[in-house]
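Structure below; questions to follow.
We just call them A, B, C and D in the order they show up, numbering each chain from 1.
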Amino acid sequence: MRDELRVGMIGYAFMGAAHSQAWRTVNRVYDLPVRARMVAVCGRDESKVAAAAIRLGWEGHTTDWRELIARDDIDVVDVCTPGDSHAEIAIAALAAGKHVLCEKPLANSVDEARAMVAAAERARAAGVHSMCGFNYRRVPAVAVMRQLVESGRLGVIRHVRAVYLQDWIVDPQFPLVWRLQKDKAGSGALGDIGAHIVDLTQFVTGQRIAGVSALTETFVKERPLPAAASGLAASADGTGTGPVTVDDAALFLARLDGGAIATYEATRFATGRKNGLRVELNGSLGSVAFDFERMNELEFYDATQPGPEQGFRRILVTESDHPYMSAWWPPGHAIGYEHTFTHEMRDFLEAVGTGVDPTPSFVDALQVQLVLDAVTRSAERGSAWTSVAPALEQVAA
Amino acid sequence: MRDELRVGMIGYAFMGAAHSQAWRTVNRVYDLPVRARMVAVCGRDESKVAAAAIRLGWEGHTTDWRELIARDDIDVVDVCTPGDSHAEIAIAALAAGKHVLCEKPLANSVDEARAMVAAAERARAAGVHSMCGFNYRRVPAVAVMRQLVESGRLGVIRHVRAVYLQDWIVDPQFPLVWRLQKDKAGSGALGDIGAHIVDLTQFVTGQRIAGVSALTETFVKERPLPAAASGLAASADGTGTGPVTVDDAALFLARLDGGAIATYEATRFATGRKNGLRVELNGSLGSVAFDFERMNELEFYDATQPGPEQGFRRILVTESDHPYMSAWWPPGHAIGYEHTFTHEMRDFLEAVGTGVDPTPSFVDALQVQLVLDAVTRSAERGSAWTSVAPALEQVAA
Amino acid sequence: MRDELRVGMIGYAFMGAAHSQAWRTVNRVYDLPVRARMVAVCGRDESKVAAAAIRLGWEGHTTDWRELIARDDIDVVDVCTPGDSHAEIAIAALAAGKHVLCEKPLANSVDEARAMVAAAERARAAGVHSMCGFNYRRVPAVAVMRQLVESGRLGVIRHVRAVYLQDWIVDPQFPLVWRLQKDKAGSGALGDIGAHIVDLTQFVTGQRIAGVSALTETFVKERPLPAAASGLAASADGTGTGPVTVDDAALFLARLDGGAIATYEATRFATGRKNGLRVELNGSLGSVAFDFERMNELEFYDATQPGPEQGFRRILVTESDHPYMSAWWPPGHAIGYEHTFTHEMRDFLEAVGTGVDPTPSFVDALQVQLVLDAVTRSAERGSAWTSVAPALEQVAA
Amino acid sequence: MRDELRVGMIGYAFMGAAHSQAWRTVNRVYDLPVRARMVAVCGRDESKVAAAAIRLGWEGHTTDWRELIARDDIDVVDVCTPGDSHAEIAIAALAAGKHVLCEKPLANSVDEARAMVAAAERARAAGVHSMCGFNYRRVPAVAVMRQLVESGRLGVIRHVRAVYLQDWIVDPQFPLVWRLQKDKAGSGALGDIGAHIVDLTQFVTGQRIAGVSALTETFVKERPLPAAASGLAASADGTGTGPVTVDDAALFLARLDGGAIATYEATRFATGRKNGLRVELNGSLGSVAFDFERMNELEFYDATQPGPEQGFRRILVTESDHPYMSAWWPPGHAIGYEHTFTHEMRDFLEAVGTGVDPTPSFVDALQVQLVLDAVTRSAERGSAWTSVAPALEQVAA
């Protein structure tokens, strides 16, 4: 095993910038078996990608992702493009023997996701690793949530309550960016942010969503065509309008295979909620609640405490014995959104550097995709109950 | 119009105690066209009801509700019994020319509720009034929420997010009280607390739930038989167990007739949530959020404020120009749960005293009942989408 | 011992209304050895006090407090007047053999307070009881705070942090009500609300304030003369202005005799803070924090919990095993400001009914007065450190 | 002007690590007139500083700070050592023509600080810049606070309420690290964290602290001698104990020269408060409140809103039009503690790169030092009122 993993990243917009910050930082703060080297970034526009390389700290750049994948001096391909190109790139990269870190959602369809899983399974035999980038698993408070469930502190989980609330397209004049186009993004709020709460709740509960009843809605059906975009901000180009082809909001009920029942909501129309990823679990012995808008905190209710002293306690998840936090600052000194990616890269480097499969795997990500697909189908069929099969069976089939 | 309304109350447990506190207080703090006189309370056990009368401040007592209804010195019948007797008592009281205030849910079935509405319509012609006691409408913060919607401050309502979370039966050894028996209570969390969020959200949005997709669950299917109960507390009698015949939790998605989409959850298994009635509305111009555990507060997001200054503001709804609050204490001096009933009695006396129909009417309450019924049917049919007709059409039919 | 205590109340404004609600309610919700009977209310204006008697539920009324005190059918005198008349009334009532409940602050000066203590001590020998009405001791969350300290759960108390923040006179046009006149009120924010946090922190810590360094300020020195007032609201009479003769704000540092150090602030100029009585204690084993604007909650930090699980827990102080709460509603169903008085009357009736001295005693209240006096003197002498002697020594001297 | 500023940093512990992360990041996210180049880091232990250089991203290292200062390829000296060496290093660096960024507090005494100001004034004439690193000014929420004051949105400031609460030495067995030694640290909580709230409140109000009344306390007077330390964590070396020579807590009242009155508290004994830097301002037109434990939020009360809609609004200070935030992530995506340093370096590079004096200047930092000195003297003299002269007069004198 080399002591260095040479990374090539494809895409350099919002996700690319976040990943770059993480790649630059991860070996500065964690002791890891390997160091990441930022070899090249890839994008379609030569001048823009050249500027991005300099700004974001990549040694080189290219406009051809196939070339990037083919290079001998690249060990890891980091896929930060919109969802419609994930499958093609990731499968090709795996076939070329590159470890792949692919942004979420894994793909725009179950079929693509299945093909990616198959490619990952083939590559795995050759010691090639793959991982899907559900970064919110790496929020320390979320990791604590999982620990509490795993250690039995919550008892039997009865309820999951998950929402992901944003409001960046409430204005009907906000333009028709790629995230609002089905051919690019696959779906709207569902795949973009709903995917996060599906993965996160399956992760923290250790339970799989077994069935759903759903409805989706597109409140604003026509929007101005877009000019430039940056992060989630954008402006119109003034040439007219086009149809919104994805959901603005997706709501669903679910049963998990461990007996919990759940409500899920993903929306971009929750005025005033900026990045309101909230998850609450209620168990027979306790509860936890998390809100990404206060990402350094976890609320924990321990029903085994003396009755008159029970209450939701606000744990500041900034102690050195909290997951991921030994690398950072003294207690009470917050970390931010970008740290979730640094933690992601830490886990990726740790796993790949020691020859272990990182998680979430492509199979885990397929499981999410199967849920998204069931949501879509249930919504199309009058909210009819729609089962979700285990991904492993899907793969076997 | 007399300047006094003579009240007879049936039932003196949790609701009876809360109503008594309100009847005792309402004319002490509000200037109203009529005074309530607490003439008699009715219960089945002679010695207990006699003691209750003294304790709660009623002039007399009786063990026969039919006798109470027949008395000439009773103008108002206040029905605080479990749901299985609402229809019989209320219909008889209305037929006897008594104004009726009936606790929620109006009835244990749509058929009963329809019959009650018919009785109320007949009585109305004779100047006899009826009202259903959805007390949470009378939380000042909820009244402000309605004002904000009505005045257009939230714009078009896109999302409703409503939960009612309690945890008093998480322990499987908690006994099988009447609220867990279908023949007494009609349903479980659904009718007991779900009814409140159905009524409240229809009230504040001015929209009607037009269809639902639901699931319900009973986590603990067998419980010890109960001995005494008080409020929501109870103890087992040690003679064995019996089946729980109602839902522990009910979840549903909904569409409202004004275009909003919604999630609802009512549960008694949300460990650590004591009386977590929470409602959030997201509109095109703003949002509001309310949590009964902080009942003196309303969170309001005004998206028309300058961008960098937008935020959810915590309004302490304790100013003298807030609804109902002129009667109470200086700003920042909280009111409590029981005040919702004092406000309810205030509105009832104000309306009846001036010959106006109080709200929520029995028709409003039937509308809630129709939603509960649709939820039950959807849950029985694999969460299939189930329409809810307007109550007025139901009545006409 | 009679089973009834016949109460006469002097004053019927804000405090009088709050006390009346409590007298009306206390025997309805608590089982007590004696019942309070609301015999008469006293005020200077015949027609107003007559109306108040009817409205507030008193059997009779009078305009002469001396007559009230002299009546044979009065056992308890409840003093709800401004501070300038407390000493005269209370001393006369005690001399007449009446139990006395006197609103806070006990008096407008240390000398008056000392005389009242002396009168109380004399009366006590004859089985006549006295108490000062620091109602915030009776907030259930505050009572829990005291229990936690007493049981050693916080360890050694290091820090006390107490503020009482209001904003009702921020507007310079708010008129010169009696609370802004030194001859009526004794002092401004200091005696009105500062007295509460002095008493409350001494009560919960079990420590006495041993010395202070203070500053006071009057931001608005001239105000319009007042017309009518109600609660804390008021209007100007248009005839001119007069000088504000009390402090708008009082700040002080303190040392407590158990080793804690403290900051105190009382102000009526904290824009947006309506009734922000906040107290935090930090001990070697834990901390508690309370904010009256969320009076049903107590935050408790238990430093003996496992490190990664430590956090301030929000205890909803609404369980039946919390102090005072067995009388009220199910968990999560809030109580309000007025309940603090109902609890006060409960403790008073319980004590007097069983022949025990109620607390806080006049000596406890003198202790508060001595602190207020030291604050005033320190502020006059350039914040110089000013010791506060124990009240008992003062009394002895 | 070169397009590059070559930085040498002295000290690589907690502050050094934080500064390094900022130097590495600042030009990746901001467009600035100059780029920072991380040329060398200096520390006393050869092997440790060599490892730190590699880990933290510095091109070289040295064990001799005088050598570092003398090098031609260094433009900026970043002083991250304990306070006892600030004066010597900074004065030498300025004399050598290097721009200086010096951590706070500027010095361990007023005399040292005065000498540093004098050195800075001399250097300034030669185009050499200096700045003191009060990083909390660069929290975006704090910058918004200042904007609100400057634009008059709060009206006349009446109250300042500032605390900085930590708890990392509550355990008496926590060892005697350099921060607890007067010869190294100058003072305890006062200079370490009290300095931050002094600077921050002077910054946001635009007012100067004109006088103070203070008390300080050392709760634990003897502690184990320390072995290794990291951040604020440390372990004992088992060889015995030594005396704590600094304050554990410092409390003071203050008057600001614009008429506001204030309370300040800095302590390391506030169990459960991890980094509780809290500042509240109350003005005649509004209030703001900030808590670093929720650093992405600012609470703002606008008293010019319609009465019934007034409330403290929680502004998520994560919008691209908030100060410093255009460089970061979409709304609701938090930043963390380290970003305050990235913002600090941004402002430093922006100023130096354009030939403007950065702030806070050494004069601003001397002003803080004068307050700390007055606090110490007041505490020594029984909390006697102690005036604080303007730093500029001090310098002139």
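Basically, contacts are C-beta pairs under 8 Å (C-beta built on N, C-alpha and C of every residue); 3 or more make two chains touch, one makes a residue touch a chain.
Quantities reported herein were computed from a predicted structural model and do not represent experimental measurements.
**Student:** Answer with same or different: of all residue numbers used at the interface between chain C and chain D, are over half used by both copies?
**Tutor:** same
**Student:** Which of these pairs, A-D, B-D or C-D, matches B-C in more than half of the residue pairs in contact?
**Tutor:** The pair repeating the interface of B-C is A-D.
**Student:** Centre to centre, by mean C-alpha position, how many angstrom separate chain A and chain C?
**Tutor:** Roughly 55 Å, centre to centre.
**Student:** Calculate how many whole Å lie between the centre of chain A and the centre of chain B, each centre taken as the average of the chain's C-alpha atoms.
**Tutor:** 41
**Student:** By residue number and range, which residues of chain D touch two or more other chains?
**Tutor:** As it turns out, chain D has residues touching two or more other chains at 273, 310-312, 316.
**Student:** So in the complex, which bits of chain C are touching chain A?
**Tutor:** That would be residues 144, 298, 300, 302, 307-316, 319, 321-322 of chain C.
**Student:** Can you name the residues of chain B that touch chain C in the complex?
**Tutor:** 14, 18, 20-21, 24-25, 28-29, 55-57, 166, 168, 231-233, 273-276, 292-296, 316, 318, 320, 328-339
**Student:** In their complex, what parts of chain A are in touch with chain B?
**Tutor:** On the chain A side, the touching residues are 158-159, 161, 163, 165, 167, 170, 213-215, 217, 219, 249, 251-253, 255, 259, 261-263, 265, 267, 269-273, 282-287, 301, 303, 310-312, 382-385.
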